[in-house]
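In the two complexes that follow, subunit A is the common piece, with subunit B as its partner first and subunit C second.
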Partner chain A sequence: MNRIFPRIPSGCSVAGILNENGKRMSGNRIIRSISVMHERANGLGGGFAGYGIYPRHKDDYSFHLMYDDEEAKRNTEDHLKESFEIVEEEIIPTRPVEEVTQRPLLWRYFLQVKPEIKKLYYDLTENDIVVKIVMHINARIRGAFVVSSGKNMGVFKGVGFPEDIAKFYRIEEYEAYLWTAHGRFPTNTPGWWGGAHPFGLLDWTLVHNGEISSYGINKRYLEGFGYQLMLQTDSEAVLYLFDLLLRRHGLPIEMVCRILAAPFWSEIERMPEETRRVMEAIRMVYGSALINGPSSLIIGYSRGMLGLNDRVKLRPLMAARKGETFYLASEECGIREVCPRPDEIWSPAAGEPAIGELKEGLS
Partner chain B sequence: MEFDCLGLNHRRINEKIRWAISKGKERIILTNVNGQRYIASGLKAEVRINIRGTPGNDLAAFMDGPVIEVEGNAQDAIGNTMNQGKVVVRGDAGDVLGYGMRGGRLYILGDVGYRVGIHMKAYKDLLPILIAGGAAKDYLGEYMAGGIIILLGLTTNRSIIGNYVGSGMHGGVIYIRGKVKKYQLGREVGIRKWTEIDDKILDKYLGEYCHDFNLNFKKIRKKKFTKLAPVSYRPYGKFYAY
Partner chain C sequence: MRMSLLAPEFRVIRDEEKCIQCEVCVRQCAFEVHSYDLEEGKVASDDSRCVGCHRCATLCPTQALTIIRYPQEFRRNANWPEQVIKDIFKQSETGGVLLSGMGSDKDYPIYWDHLLLDASQVTNPSIDPLREPMELRTFLGRKPDRLKIETKKGKPRLKTEIAPQLKVEVPILFSAMSYGAISYNVSLALAQAARTMNTFCNTGEGGLHRDLYRFGGNTIVQVASGRFGVHPDYLNAAAAIEIKIGQGAKPGIGGHLPGEKVSQSISETRMIPEGTDALSPAPHHDIYSIEDLSQLIYALKEATCYKKPIMVKIAAVHNSSAIASGMVRAGADIIALDGFRGGTGAAPTRIRDNVGIPIELALAAVDSRLRAEGIRNQASIIAGGGIRNSSDVVKAIALGADAVYIGTAALIAVGCHMCQKCYTGKCNWGIATQDPYLVKRINPDIATERLVNLLRAWSLEIKEMLGGMGINAIESLRGNRLRLRGIDLTETELKLLEVKPAGESL
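What follows is the complex of A and B.
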């Protein structure tokens, strides 16, 4: 897993499909959507996140793990067993694909936090406990990485073009109400299995096209809240910022977007008094959570997905709707490939989120 | 001559176009286009190409002569460094249109994205013209060095330009149908006095544009335009000289 593939600079592709009625669809459509944007990737990373894929285990935390070797697996399982009941565990099914090489051991676990652990950490939520364990494994257990750790969802990723990674993981066999996907073209960081997108923590996943020039500031800020950035890529920081601001600070999603892609001070000056004061406060309190540099990204979560551009729009993103389905893609062709005639299609403005969510009452 | 482009990559499409031209075809129709990049890039010929579907980025890059019609929307960076010819888009188009374009015409019926006309330039008898019927986002005419941009805003009643219009602009001219606010402009551009030449330019190119899209020229032309031009031809001339 630790083999570093050489890097060649350029862009990436992102895509997402959400059924707002929670109806599940096979992986075929997201594979087509991401594959038509082949030119945006260079074979150094591809991946998928699916939500609703484990209905039999919908109340268990599903952990997807990458291991370098048996020893890493043993150490990780020993650690997991301290805090979790393992409801079920199995190898992640794959098929041999010539283009996909150097694969790590891939394992998944369905977990319940032990009652005595909940008691011991009475001041933490279950999610807090899970994050603590994920951070511990990623930072302390050599040769082991937690790829995803939410409920009824999972991330499948590796080094290869997305279409090859899809074949490898048999993505078409899963059914999800929300899919996101990524084709990687790494710029400043190496291509390796753990560094492919999506990144996952709890039920948050991130696919990202761009680079974060504020990474140093964001990293130091996140470390103050106990996050450990171990994946050799800047994109990871954005995922943890969403977890921090949305889950732990309980901010509304629109406000989180205004923090990450803050308007310029000159724009704030022209805002009406009340909005201006809110925005000034946000920029002062959350200055270290501003992500600078070119970005377009999709955040997936159990209730929906969100697309966001950087504040000066240096990366592409398109959004569309057709009936109960909401689409996001780096390029219009990624949407048209699976939805030739959308009801509406638009390019979200810089810093303005495009959000789709499950209808009320669905989960 | 018609080609079905379903599942073909850009290389195959461009090979087919060149083959058709070598057989003396003057009209080519491409159907089922979706996302293939570089269509007609570097192409030097007298030919009309009709595209049905959504062509990918860098459509008509370095193109030198052909006329391309797109029935739907187009993506980013159409007419990148285009030399001569014309691209007509009957839908919307994306970001960085006409990037470094140095000749020819880019006529878009709908809205356009960010950094439209970035670093367009003119040289001797080469004069690039970019006209969009809808609204544009931020950084219109960024670093523009020459040529003409005309923005009509027919699709909206709200402001038809974003902010930082003409940032770093040092040549060429932008015509905005309607008014602009001072804060929407970059530091290197200003509102300029209208002259007879401006009337002539609008009559000529906007006339052609309206003809191409079957729009009412008189009605569109009646509204007052704002003319934007650079305040200096060397805005950064002393940037490194203290």
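What follows is the complex of A and C.
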């Protein structure tokens, strides 16, 4: 998508449901959870991410693509074929919904990286190769956009209220052990489907409610590591930061949260010696990765999901647990709608992650 | 003496009704403008000696004195304005190089005044620094590109060693001002203020007076081409060592301290004979290329057991970005960039007014270049030479600086009136002089308080501006050029600064 997108601040609703035993559930619950927070969206963006939805292709990279036209599709497929074996491809099934207009062409592919490509880029991991290709398509191929690119997962999003987008994509027909969802309130309209959330790269997805005041430096920092921020959205920056810090720098997830929502110096000074040294180093070295400004976000990944607020909690986020199910939502109603009596429900403190993961041994 | 063709620069107006003939002005003026005429029983003034420093007018108990520009008008000529004519008069009378003190006073564009800051409205809230934490703490020095952290029993352990850092609570340091150029009392005040505010002062190339070693923890010592006062104790006393390659006020030439200012104490500190001119060579005679710089950097690191960051200071010149990249790769932990409006105790006027580039442009170029090469983490950048107030600081940090150096602003805080006569050694304010009679006009404790007040005031203002932008830690502003907009700048200038024009949205 080689066009320049304006930066669009937005308010939003986020929600997520995880079954920690890996039991799959239909899309109905996440649709109810996000729809009850209707007021937080304005009809200019909604979307869902589901994990575990393609068990038949669980070892293939599943690419969800948006195309402006058939030419974009041809060009993208030519490019995909250079690096991938296409195991299967198909149109993403949708149904007409009156409120959902101007849909792009939607296609999905199940892919394997060709052995000769792995040999050619012997110094890169398979994931690195996939990231490179995603970056290339999004930056260089006119009218094409990779919506998601992980294994056994997919992102479904568009311009509309989340409940309409759900109807359009037939979300209720999919079964996933982890769902996240987003309702968007952008302050102007791009009329462009790629700008909706969740935002995906590999098996990372992000739904985000916020406007990052530090975006300018976060972007420049990421560019130094080869990321191309085409969409100019905060979510894109946050997701790439997660990719960089977790996957490429191999930092523990709690530390990544401490980088993105750094504790205050006054807090650090009260920590035990060793922890204090770690936190001081984090703020020294990763200052440019601090997400400053209001935000609450949910990161989805194959093993679970994580909810995080900015360092002073300027946007809402609630978490809850009932049995094997872990819930996150912008508002308590988003949780109570699908789980009226949780075992525990709490508002995660500023900068403190709320994490749910599949039990050991599950994948 | 032959007649001078030079007209005075200032006129001293004495309100005879107010003047009580107390002779304060006579005693205050080292340039001997005022004298008491015994026969007339009146104080008289000689306009031709006045430098416009306002010492007499400020101290006159009855406000009887007003100093104005000398009203003599040359015939209007755009090609031969007054200053040009006067400079030729001066040189034809003396046969010498024209000297000036302080930074260039020429009417070049000041890019700070063409940059506007952003503020948050509705979609992201501004933060109120009176009610919420606002962090300015900054670490200066080499950082690794990534950290290795292991978690053991739920407790994180750091597996990466961090190079030595300078920790500042306000991202403002006092820039290099040598003992020699400035008086002992001012050096002391700068050191005391640096300690109070948890920041640093810089010795310049004048060595470190024995009595100031106790401030070593807040002192950066300089190693310049003259190597004045450099010895192992000096290096080890400091928090960091700065190799001075160049200075914004006079890129391409070394430091000048006229013999008039080399008193006994200066001579001891600098390790040179009393009364001799201390003229630093233009280049370091052991640095003729970048690999030589690397040798000096590592020689200094060896000498101080790798316990202190090594800084390299250069003047902002056309090729600063490539030079800076070389400096980082040569081992510099901190780069100091000095813009062409930077001050000095003495510089050839032609060089001061015509060599170098504005700090804003050099800073933008260096920060972008280091980022493009993926080595920005490896060194911190301190920008100096033209920082006048807290909004300049905020803009410099948004352009990419980690911190700034202030020199002129600090001297103004202790009383400098910018008369630009530092090289004469007759500073009536007791700042740029070694004359004991003048030096004692600065009370070090009062001067310290004024410096501390200045830094405190600026840091409050910086916090207000940060909060307005919805940012509560300075690192989120650093290099965040999206929060800047250019006004009244050409497309090329915007491109060089990598800043969008005012009116363009995010």
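Simple rule for what comes next: the second predicted complex is superposed on the first by the 347 of 363 C-alpha atoms of A that agree within 3 Å, B and C clash if a C-alpha of one lies under 4 Å from a C-alpha of the other, contacts with A are read in each partner's own complex, and residues count from 1 in each chain.
Note that a residue touches a chain if its C-beta (ideal position, glycine included) is under 8 Å from a C-beta of that chain, and two chains touch if they have at least 3 such contacts.
All figures in this text were calculated on a predicted structure; none of them were measured in a lab.
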| item | value |
| --- | --- |
| Which of subunit B and subunit C A:K313 touches, first, second, both or neither | first |
| Chain touching more of subunit A, residue-wise (subunit B, subunit C) | C |
| Which of subunit B and subunit C A:G224 touches, first, second, both or neither | second |
| Partner chain in contact with A:S347 - subunit B first, subunit C second, else both or neither | first |
| Subunit B versus subunit C as contact partner of A:V97, first or second or both or neither | neither |
| Which of subunit B and subunit C A:V36 touches, first, second, both or neither | first |
| Partner chain(s) touched by A:L105 [first = subunit B, second = subunit C, both, neither] | neither |
| Which of subunit B and subunit C A:M284 touches, first, second, both or neither | second |
| Subunit B versus subunit C as contact partner of A:S266, first or second or both or neither | both |
| Touched partner set for A:R336, first subunit B, second subunit C, both or neither | first |
| Subunit C-contacting residues of subunit A that also contact subunit B | 266, 312 |
| Touching residues on subunit A, where the partner in the complex is subunit B | 36-37, 39, 266-267, 270, 312-313, 316, 331-334, 336-337, 345, 347, 349-350 |
| Complex contacts: residues of subunit A adjacent to subunit C | 6-7, 9-11, 187, 210-217, 219-221, 223-225, 232, 249-252, 254-255, 262, 264-266, 274-275, 277-278, 281-288, 290, 292-294, 311-312, 314 |
| Contact footprint of subunit A on subunit C as seen in their complex | 120, 123-125, 127, 132-133, 135, 137, 139, 143-151, 155-158, 160, 162, 165, 371, 374, 376-377, 469-473, 475-483, 505-506 |
| Complex contacts: residues of subunit B adjacent to subunit A | 34-35, 37, 53-54, 56-57, 73, 75-76, 92, 94-95, 113-115, 137-139, 163, 183 |
